[in-house]
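Shared between the two complexes below is chain A, which pairs with chain B and chain C, respectively.
Showing the complex of A and B:
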């Protein structure tokens, strides 16, 4: 499990990415899958970038809390990301124009493509993003 | 019969990127792109050595593409060699939006 709280600054995104990567590389189920590690690192990076740019509007005053857990019984990776900035409005989201390209809108699109689930909820004091990735088969007792 | 012959010399700018092309690198990228686009509208963006590519980098690339096209120029991109970064290029269909070349030499030979 990884728990970090870090100032919401662009120059610290690389620290978040490397912390998440180091944790993922300790998981036997994923250590030989660099694409999967890259995709998860990118997903966390994109959510944190959104938080810094939109929730905190580059004010350098906020923080981001990240919790990464791997559930070995279900082979599921769960990443919870919290901030205390402005809310995210899904209806204002810009979708990418994949045929012609556009300046923006790719961040959440990428996250949705590389994960199994992305959930957002507004809490009493901030925002909570939950990222889920199934890393292997789930074995259930019959 | 009269024949008029003309030779056109094109200046081609080459932007070579490496490591992380993400939101933290945007300011440096924009400065370099502005500097080159002030001199030419023909551009090669060499991303072969880029290991990490995010949505902010993508937006910056599209910005440069638009500026070049507005000036009737042309742009070629050498995508990352790193497989993980390259797959994101396919996922977002950037490989269809941009004209790509396998290497800088190959891109230069087209013009």
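Showing the complex of A and C:
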């Protein structure tokens, strides 16, 4: 499990990415899958970028809390990301025009494509993003 | 970022390395394509991470160079980066080549 709290600054995104990557590389189920590690690292990066740019509007005063845990029984990776900035409004989200290429809107689209589940909820004091990725088969007990 | 000018092809080659993302884009803020070197090649063989901000920047650059009768060619993509471009279908919008020589040959066709 990894727990980090880090200032919400663009220059520290690399620290978040490397912390997540180091944890993923300790998981035997994923260590030989560089694309999977890349995709998960990118998903966390995109959510944190959104937090810095939209929830905190680059004010350099907020923080981001990240919890990463792997459930070996279900082979499920769960990443919870918290901030205490402005809420996210899904109805204001810009979707990418995949046919013609547009200058924005790719961030959350990529996250949704590379994960199995992305959930957002507004808490009493901030925002909570939950990212779920199934890393292998699940086995049901009979 | 390193830059190389190729006047014969009216081409500017930008060599990027490491992470190409919302943070590293800061160093490109002051750079703009110009009409004397309207063809741009992005050499990304040393780039191991590209985020959505970099994708958006490349799409914007592609439009900007079109406005000055130029072109954008991206070469040397590492596989994880290539897959993200395919995921967003930008591999159909942007001009991609495997090597710098192929990119220069493509510029020569314009």
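For this structure, a couple of remarks:
Keep this in mind: the second predicted complex is superposed on the first by the 142 of 142 C-alpha atoms of A that agree within 3 Å, B and C clash if a C-alpha of one lies under 4 Å from a C-alpha of the other, contacts with A are read in each partner's own complex, and residues count from 1 in each chain.
Here, contacts are C-beta pairs under 8 Å (C-beta built on N, C-alpha and C of every residue); 3 or more make two chains touch, one makes a residue touch a chain.
Note that the structure is a prediction, hence the values are computed from the model and not measured.
After superposition on chain A, the partners chain B and chain C collide with one another.
Contacts of A:38 after superposition on the shared chain: both chain B and chain C are touched. Judged by the touch definition given at the top, the superposed model places A:91 against neither chain B nor chain C. Using the contact criterion defined above for the overlaid structures, shared-chain residue A:99 touches chain B and also reaches chain C.
In the superposition on chain A, the residues of chain A contacting both chain B and chain C are 10-11, 13-14, 17, 34-35, 38-39, 41-42, 45-46, 49, 53, 96, 98-104, 106-107, 109-110, 113-114.
For chain C in complex with chain A, the touching residues are 19, 21-23, 26, 49, 51-53, 55-56, 59-60, 62-63, 79-80, 83-84, 87-90, 93-94. Of all residues in chain B, only 20, 22-24, 52, 54-56, 58-59, 61-63, 65-66, 83-85, 87-88, 91-94, 96-98 touch chain A in the complex they form.
Across the complex, chain A meets chain B through its residues 10-11, 13-14, 17, 34-35, 37-39, 41-42, 45-46, 49, 53, 96, 98-107, 109-110, 113-114. Across the complex, chain A meets chain C through its residues 10-11, 13-14, 17, 34-35, 38-39, 41-42, 45-46, 49, 53, 96, 98-104, 106-107, 109-110, 113-114.
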